[in-house]
Every structure is written in structure tokens, then in C-alpha cells.
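Chains: A, B, C and D, in written order; residue numbering restarts at 1 for each.
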Amino acid sequence: MISTAIINVTSYTGLELLRLLAQHPQLKVTSVTARSLAGKTLVDVFPQLQALAATTAIDPTMVIAEEPAQTDLAFVCLPHAAAAEAVVRLLERGTKVVDLSADFRLHDVAVYEEWYKHTHPAPALLESAVFGLCERYRERIAGASLVASPGCHSTTAILALLPAFARDIVEPDVIVDSKTGISGAGRGLTLGTHFAEANEDMSPYSVGGHRHMPEIKQELLAAARDGGHALSDIRLTFLPHLVPMTRGILATCYATLAPGAVEKSLSSEALVELYREYYAGEPFVHVVDQPPHTKWAYGSNHCFIYPTLDARTGRLIVMSCTDNLVKGAVGQAIQNANCMLGWPESLGLAGAGVNP
Amino acid sequence: MISTAIINVTSYTGLELLRLLAQHPQLKVTSVTARSLAGKTLVDVFPQLQALAATTAIDPTMVIAEEPAQTDLAFVCLPHAAAAEAVVRLLERGTKVVDLSADFRLHDVAVYEEWYKHTHPAPALLESAVFGLCERYRERIAGASLVASPGCHSTTAILALLPAFARDIVEPDVIVDSKTGISGAGRGLTLGTHFAEANEDMSPYSVGGHRHMPEIKQELLAAARDGGHALSDIRLTFLPHLVPMTRGILATCYATLAPGAVEKSLSSEALVELYREYYAGEPFVHVVDQPPHTKWAYGSNHCFIYPTLDARTGRLIVMSCTDNLVKGAVGQAIQNANCMLGWPESLGLAGAGVNP
Amino acid sequence: MISTAIINVTSYTGLELLRLLAQHPQLKVTSVTARSLAGKTLVDVFPQLQALAATTAIDPTMVIAEEPAQTDLAFVCLPHAAAAEAVVRLLERGTKVVDLSADFRLHDVAVYEEWYKHTHPAPALLESAVFGLCERYRERIAGASLVASPGCHSTTAILALLPAFARDIVEPDVIVDSKTGISGAGRGLTLGTHFAEANEDMSPYSVGGHRHMPEIKQELLAAARDGGHALSDIRLTFLPHLVPMTRGILATCYATLAPGAVEKSLSSEALVELYREYYAGEPFVHVVDQPPHTKWAYGSNHCFIYPTLDARTGRLIVMSCTDNLVKGAVGQAIQNANCMLGWPESLGLAGAGVNP
Amino acid sequence: MISTAIINVTSYTGLELLRLLAQHPQLKVTSVTARSLAGKTLVDVFPQLQALAATTAIDPTMVIAEEPAQTDLAFVCLPHAAAAEAVVRLLERGTKVVDLSADFRLHDVAVYEEWYKHTHPAPALLESAVFGLCERYRERIAGASLVASPGCHSTTAILALLPAFARDIVEPDVIVDSKTGISGAGRGLTLGTHFAEANEDMSPYSVGGHRHMPEIKQELLAAARDGGHALSDIRLTFLPHLVPMTRGILATCYATLAPGAVEKSLSSEALVELYREYYAGEPFVHVVDQPPHTKWAYGSNHCFIYPTLDARTGRLIVMSCTDNLVKGAVGQAIQNANCMLGWPESLGLAGAGVNP
């Protein structure tokens, strides 16, 4: 068993880690921390966790500490900046880290500082940190001490567009219209996440620019480069929307076919095949040939992707669904940990979404 | 008082007409029809309507007939094709008609037949039928006998994009990513509208092409032409999505600024002003300078539009919200009737959305 | 026109007053107040209200003041204790007041102080304040300067049980299992009303005792007394539950038939008739003979009541539905104001619920 | 591995069995049937199940048959009457059966026929069938060939009231006000489960009598008898309500304390202790000392029970929450199968609810 800490366990990602790690055969939670609720037990904060006592290895009476005990592995669920500081300390004591914040996702410090509006707390670590998308970087993740798990919108959009950029079938001009359930906004109270406001409502947000955009761009540029056709930039519009549901992301991506693909008269069927071939063998990415539903992924680590062509305009449309708290956050973090530790990526993550 | 018939009253648009006409000072419902439930009373089908008895002019014990009685005005809530047949008969007896179906929205019979897959039942009427968007055609509606009220997605998207096409600030290359509440699918039972399937779920639909697309294209082309810069075509992608809420449409529209607008360095503020000036004096279209919420329009005839520029890409993004059953259907139909009868367009339609 | 103030307009009841008064032909909002947001305009706080500008008499650019201007009438939307203090000042300057707080609902100061845990700020007013249920006290309301509009749970439960207590058909032993939409908790942010917590969840609350209980008991005792059979007390259990919807209350009430009713072999049909006779002529109370739906009342001032007998146990079961923000709060407050001013009670309140 | 059949796999209970059995280490699904969709594969009916292929033992391309193959175990998900016929055939070929229908829950044929309005298809099996509540009958279930898994409302209410009846602390006069998510109504399409009708709505149903009532009464009488104080009957009112959420049941149970409990001045704390002692060691029943939330159980086999006293009336109130599809149906069925096969009851069922 690998001893494991959850840093900032009182967040939604912390709670979801407890749920998923309760099913994991090799990761044992031995330390949990939070700043404001230190001294409380898990069950004080989340009464429902007493259900874990009888049938899992999680101890719901575990006391929440201010600082983590020494463990082999840690999941960091802190906001950006605070996360980087915790990561530095954890690495110093030899703990492997999966960081769920944005602090180590962007390779370019200048881009980070432009979007996050503060000096990066640990730029020296950016070189060794690996972007935690196993579908792209599993070899590098396997040897890493620090993995930066991508954001929920980013994961969903990047998986949707990777094959298109890797195989050079689209022009570098993309719109990602993303729709997310409200748990993505976290456990902090705001008027926009107040039930009476958010229920029966839909609205765009972060219209001036959302922080997941540079992650998406970085990874699509990398996919093109690794596919042998480097691009200088991508004209990327990313706009998220809030949907009255708890979990789930649907990214609808629009791009124009590259001339090469048009010349070859790429069909929708051939497109699905290209995607299937790209993701062959992936345990969690499923290319489908019908419109996907966010609910298919509810509570699971799966991603469903439907690429198609809009015959009238020659546009590529790719629809991609995940659970924002699982493949978009915690499930992917565990997948990364599995990969770092040399285990099958699906260890403790198998199973279908909760339907209906 | 103008005697009024509701054809196919047992639909959701029929029910919503009863609710709104109960507040109307000049339109009196004197005839209601439906095919399958003829012989029943309104209150047999909709028990909640007994609330109308004491305080409104609607009689909830009115018997649903197979055929309409003679009235001055009729709202036709039938599906396409059936609607056209009813419209012909109503016009023959001198009844003014607001048709909520798609039968008379498209001016080009060939386009209609391509999208609706059957021969148009009354092509001779296409010439005189007026597209029922008062914000564009109120002079022609005022003299019309037959007004074709636009679809819910169409209304929301057309209002979002009219100023841009009329004022020639965008290229004819547009994506409309539309999100609708589930009442838009009507009262017919399907697995996709079964609560346990649709709740906590979001999904695209009609990916191969939705019938509101040609309406949108027709009207944007007309706006450009009437604005003095005729276009040959628009490369328009329209993709609707189902959202787990009962009412509301949010259309997010993406377009590229035309070179002229770029040269003038059009700002977001100037854009909002351009839109405000275009819609000056409109009772139901409100240009806002923040992301709109579908709930703002809940139960009302209002449309909220937020046009902005994506500074990084130079794209125009326009977000537009309506209630699909009101401005997207029944409220607009009454607005059209008011206009046909020479009354203020907002007669019986005033008031804010139901919030929270 | 009667000049009208809304005290604490930034609450949900304040917002709903604006929506409903925008439709009212005789009440003109000329003053709005709030403590924390004084200096802002209505549209600063509620952007959707700009829709009121073109078609109603409400001016969305009205500035929110700290203190109300002199008006003929005021609706007080403050929390208890603060409400009483405002009421005193308003009455002193000759303003008629409808108070939506609990401060003047209970006739017995001791009961008030037991449940609200503070000294009553204005006990001298209790004598002249009238409990604002027009269905019971319209004669007294007509002459009153201060009307205390009842709570949402109270209204729904009292209307359900009044005929049974007035006509002496039940024993004084009642359970009210009440279920409410989440807007009843107000606009203040709490974890329990955070969307991700409240959605897809149901839970009881205030299990140790909810403050609407003494209102219900007071009114049922009064109904029995006025019906000619005074009771010393009622063994009343009242338990509210939170339901994942924005609006609506369903009160399910259980009681045992009194021996007299059993002797007469009261049938379910006779029971419905007894209720219909009791509520004959009421514009807003509708006795139905099938299970009611909260949605029937959505956005309207109506109450739907279904009384029936559980044949196997001889229990009376009464199900009652309202919109907690309308008949449960603001609609009823306007109904009271109409009554105070000698107008038809339904003035500005006509119309059906928003369905679907 | 035990070969396992799912009879009527296209129901929601069939789908949920696939999800949960995909996690089970000893039960292998080798046969699936359905009447109307025979010949299709699982993934034809439920596209999301392709996610099971890579990481679980369920084969999503398995063909749905009309008749089951020979297996060691079968879960029967058919409606009543059809279920009994299938059970007879399965038992004849030596298959152990967990029946999720009501056909073998009631010991008294006359009661069954009164409530289900048809002749019982296999009354001879009633003697040997065991009521599938492990918390009560695990010894008998361990040796059984046929286990009748209880209904969702029944399970939730019986678990809430068993300790009270077993320990003789209440009078035989009980009200169960039960609230259920909409998946309990199954996958069949009805207007009442149409999203636009059911969303933002709450309503009672089966007011004239619900079929889960006799199950509850049977088991509470048995608990009293086995506790040493036989009752002749219970005056039981059971009323279910539909709540706009997919999963979850909350049963609020009201009873009057028996004189013996009153004499001993039973406190709320002592009550919680009595319940904790009664359920000591149970893996899935958790006695809590605060109002429970249905969401705590979402997707899990847990039941949360909060017993308390209403000090003002001396009433016992017990609130009980389950997921209607798990502990209320499929999870309990697997728990029964585990028990029949001599395994730990929680095998394949461990883990917390999906929160938020």
C-alpha cells in the first residue's frame, strides 16, 4: 500500500478523492489537511462519510490536520499559488505529487503570470512537471515526481481536438463552446451558485477570457508539433457556460477542415475511424458515432467523443463529454498516480457512469 | 374584443396561449380545438386552468372542438403540413391567422421541401405570408392576413445577429451554438424528454442539420440586403443542445469581424452602442453589457442580448436569451397579433420574467 | 394611484413585489429601500429589470434609498425584529403597512418571544394588527392600518385545514409534512442552498421546531373557536422539508376524523363538497378532486387543495399547493393591500401559473 | 465465478445491475434477456456501456436474448405476474433467484391478490420465498433459493421503523410520508415523468393506496411479533410523493410513543442509542443524529436513519434516506445474492454515495 495525503480535503475535489480512493486497492489515505477546519474529523465536515467505516479502508474519524504527515504520495487540492507552495514542501520531503491546481500546467511562466496575475511561486519546477494527460504523456508521467493534472474544461476540449491537430486535418482556428455543471465552481458560496439563481438558468461566464484557454492552446500546439507540422499559433476562442446540473461537461468544438483533408474528401465515417484509431486501446476515451450525453460519464472517469462533419459548411464539429469532477479532476489525478506508480491506469477507476 | 381561436390547444403552445391571453384586454378566446381530445373541456386536460375561472375571461369549462368556430383571429399550434391545411381553411373564411408552425416562414418552396421532406401544401400563400418578427417587419405585419411566427431557436439567433448583418460588421461565416430548455420538444413523450434521462444531462441534437437553420440564414441574408450589401450566401453552422431546464434558450453566436469593422477598430463598447442604437425603442429586445441569463426572460416576452468582442481573436461573440415558449413562440405570436390589429405590440405582454 | 414603498427591496420578496406590482393598475412604486445597497439603482442589483422600462410603470433606474420616502402604502420585507422597528416608523407617518415578517402574526407576546428569542419590539401594535389571510379576515383587513401577512408554510397548511377545524370534523391532533422549494430560504448564501449541495437532494430541516408552527396552531384554534367549538390546544407536529426546485410548497396534512364525522360516514366526495362550500367564491383557493401539483401554482397567487379520506385508517389527508413567493408571500401581501384599499382582491393578481 | 443472468435487462434496474455487477469480483453476467429488444446488443440499447469494455468483465456487445441461458444465479427485473412466471422456470432448472418484483414479498396470497388484482401465478412458492431484507432475515436468506427483494419505499420505511416496533416503543398507529426521485417510476414513458411536467414540480401520487403499504405493514407486524409483543394490526397510512430529482427516497415516519416509552421518559439521545444498538454492525444502515440527505446515499447501497422525538407532542419522527435504485432495488438484490452465496454482504457494494 502507498500512503497518501489529500491536501485541502474539504474541497469538492477532496471529497471526491475520498470517494474514489475508498475503492482503490493500493492507495491508502493516511493524512488529510485543510486550513480552516483543522481539528475536525472527516465525518464532522461530511457526515455522509460515516458510510465508509464498515466497508472501506477510509477512516471517517480521521482528524483533519493543518500540515500533512509524511506520505509516499499527495494529491494537492489547493487553489493556485497556495498549491505551488505546498507542492514545493511536499517534493522536498520526497513525496510524489499530483497537483490539481493550475500552477504547473503551463510551461511558459510569462503566460502563467499573464493569466493568473501574480508571480509564479516556483518557476524552477516547471521544467520537470509533467502535464497530466495520460493519453498524451504516459511515458513521461511514469517517471515524474510532479504531475499537473489538467483542468476540467481543458481535459474535455483537448481530448476532443488532439486527433485533429495531431493528424493535421484542421486549420488553426477553433471555437470551443463549453458547458459545465455547477460543481465545477467549487464549494465556495456565491450568488451565481445559489440554487434559486442557478436552477432553471443558463449563462455564459468568463466572457473576457477563461484560464483554461492557454492550457488548451499549449496542448493543441504541442500535438501539432509532435504530429510533425508545427504551428505558430492557434486562433482559439474558448467560452464556458454554466448549466443547471451538478456534474458534467460538454465541449462543442468547431474548426475548419484543412485543405489536405478537404482534398481527400474526408467523410464523417472516416473521421470517426481516424479518431478511433488515435484512441485505440485507451481505457477511458470512447469515440462514438452519435451525440454523446454528459450523463453517460456521471461519476466515472470516462470521456465520450463524437467527431463529425457539418456537410453544408465543411466544418469539423467535435462533441466531448466528461464528468468534471472525475476525468476533469480527481479521476484523472488518480489515473496519473497509477501511471506514476507503474500500475494499470484504470486501477480503482473501473466502472460505468451512474445512469439514469 | 376580438374573437380568437386556438387551434390544437392541447400542445404546450396552446397552454401557454391560454395563460397569456387570460391577461390580454382585447383578445377573447372563443374557440379551442384539438384532434385527439375533442369533446373534453380545457380543465379536463389541464386541471390547473380552473384557477382562471374567477379572475379572467377564459372559461376553463370550454369544450374542445374538432373544428374551430368562426373567429376574427386564430393562432395555429399544429405541426407543419397540418398547419398549412388549417391555415388555408381559416383564411378562406376571413380569419386572420398567426401560424406558429414552420409552414410559411421560408419564402423559397424548394428550401422548405428540402428540409421538411414533403410537398408544400399551400405554396400560393407564401407570397403574402409575412415572417413574424416585429422587430424587422412590423409595417408589413400590420397589414397582413397571415403571419408566420418564427421558431424559438431562430428568433433568439436572428435577434442576436441582425444588427451585425444589417450594419455589415461581420463576415458571412457564422456559428450558432444554441442551448434550449426541454419544453421546446413539446408535450409528446420520448425517451430523450423522460425526466430520469434528461435531468442532470446535456446533449447536442439534430447534429446532421436542424430545421431552424434555413430560417436563420434567410433572415440574415435579408438583413444584409436591406442594409445595402447583398450577400450571396452565409456559411452558417447551427447546432442546438438540450439543457436540463424547462424553459429558456441561450444562443451563443460566433462570427469574424468584417475588414471594415477591424479597420475602424470597433471596440466592445462601440459594439454595444451599435446594438443599442439598432434596437432603440424596442419594447422586448434589451441590449446588455454583461453575460445574460436565460432566467431573466423566464415566462416573459423579453430578449436579452450581449454583443462583445473576443479581443485575442477579433471574433464577435453575441449571446442572446429568450423564453422559448414566449418570445420564442406564443408571446411573439401575440405580439404579431397586436401588430396585425393595430394595437401596441406589448398589449397584454408587459412584465418581467419570473425570478428567482 | 396609491404611492407605494418596498422596504428591503433587494430580498427575493422585494424582487417579486417589483414583478407583480409592475402589473398592478393602482399601486405605484415610488420608494425602494435597502440597507446594504443604498445608492445603487434597481437595475444595478437586478439587471433583468431593465425589461420593465418600456412596458410598465416601474422605473428600473430608481435609486435604492436607506430610508423610505413618504408613501400611502408600504410593503415591509425585512427580517423579524428589524421589521417591527420599520413598521412603527411607517405607521407614525400615516403609511398603511403590509408586513411580510413574523413580527405581528402571533397575538400572544409570550409565544412570539419563546419562538423568536428576543423581546418584541412593539407589543402595543399586536392588538390592532390583523393576520393577513383574506380568506378568514377580509372584513378586519379592510379597515386595518397594519396587516401581518402569514408565512409560506403557514398559509399553505392553514388553508388546507381551516374547513376541517371550522366544521369540527377532525380531532385536534394533526401532522403537517410540508415540502418547499428553495427560494423560501431567501437570497442569503448558505451551504444548504448551494446548488451542488441542494440539487438532486431532499432533506428535512428545523426538526426541533419551525417558527411557522405557532402561526398554524393559532389560526386553527381560532377557526375552531369561531366555528363554535373551542379547543384548548392542538397536538400539532409540523415538519418542513427542502425540495430541489425553486418555487412551490406542498403541505400534506394528516388528521383523524372526529367521532361526529365518523358517525355521519363522511365520504371523500362529501368532504370535497364541504371544502368547496367553505371556499365558495374565493378567487384564489381551488378545491380539486385529484392530487395537486406545486407547478400548477408556479408564479401565481393560487392555492390548490385536495382533501380526501384514507379509507383503511379513517384518516383525513389534505394536500395543499401554493407558490411560496406568491400566495405564500408577495401575492398574498398584495391581496391584503387590495383588501385594505377597498379594491377587488384579485386586482393585478389574475392569471394562471406558468406551465409547463 | 458465479454465472449470472439479468432478466429484463432493458429496465432501469437492469441497467443499474450492469453498473454494479461490473464492480463485483464474483458474479459474472453471462446472460441478459428482454422481450421487446431481443437480438440487440447491450450497447445498442445503452450506448454508454461501451465504457465497460476496457476495464470490466461486462461485455457490452453481449446479445440480448429472449430466454435466459442456464446460469447459477438470476436477477429478475420483470413486472409482477410476469416475474413469477419467469421465477418458476428458473427455479425448475436449479437457478437461484433474486426477484425484484413484488410477487413473492407478501406471505398472504389474499393480500397479494387484493392489491395486485390478479390471481397469484405461483402461490406454492410463497412458503419458501424469503423477504430479502438482510438486516432482518440474513440467516434464512443464506439458505434460500428464492429471495424477494423488497420495494424501494418499503425498504426505506421498514428500516426506519423496525427498531421502534421490535423494541415496542410506539403505538401501532403510523404515518409514512415518503418522497421519491423519479427514476422509481421506471423507464416507461408517461406524462407524469415527462421532464417539462415533472421538473420544478412536486405532487403526491397513489393517494388511494400504494402497493408498498402491505409490505411495510407485514414486516412491522413481524418485527413486533419477533420482539415478543404481537400486534393484531397497525393503523398505517402510507403516502408517496414525486420529487424532481432522479434518485433518492426520503421517508418521514410519524408515530406516537407507547406508554411504556413515555413512562421511561425516553429521550432523543436514548432513542438514537436504541437505534444504533439495534443496527450495530450493519454495513449499510447508519443511524445519524442530524437530518439526513437523500444525496448522501446517491449511487450507493447505504441507508441513513435519524430517529428523534417531537418534544411538544411526544411523537416519534424517523427520517430515512436511501437511493431507490440501489438499497431500494439493485444494491439490495446484490446484497441478498451475496448472502445467499455465503459471501460478505458488502462484496462489490462498498463505497460512498456520489457527492456533490
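Definition applied: a contact is a pair of C-beta atoms (placed from the backbone, for glycine too) under 8 Å apart; a residue touches a chain by one contact, two chains touch by 3 or more.
These are the chains along with the protein names UniProt gives them: A, B, C, D = N-acetyl-gamma-glutamyl-phosphate reductase.
The structure displayed is predicted, hence computed values, not measured ones.
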| item | value |
| --- | --- |
| Chain B to chain C, fewest steps along touching chains | 1 |
| Chain pair with the higher count of C-beta pairs in contact (A-C, C-D) | C-D |
| Farthest-lying chain, centroid of Cα atoms versus that of chain C | A |
| Centroid distance [mean C-alpha coordinates] between chain D and chain C, Å | 38 |
| Centre-of-Cα separation between chain C and chain A, whole angstrom | 46 |
| Touching two or more other chains - residues of chain C | 12, 183, 187, 196, 199-200, 244-247, 293, 295, 298, 356 |
| Complex contact set, residues of chain D against chain C | 175, 177, 179, 181, 196-197, 199-205, 207-209, 235-237, 239, 241, 243-248, 250, 252, 254, 291-295, 298, 306, 308, 310-313, 315, 317, 319, 356 |
| Chain D to chain B touching residues, read off their complex | 12, 181-183, 185, 187, 189-191, 193-196, 198-200, 244-246 |
| Residues of chain D defined as touching chain A within the complex | 12, 15, 18-19, 22-23, 46-52, 54-56, 183, 187, 199-200, 246-247, 281-284, 286, 288, 290, 293, 295-300, 302, 304, 346, 349-356 |
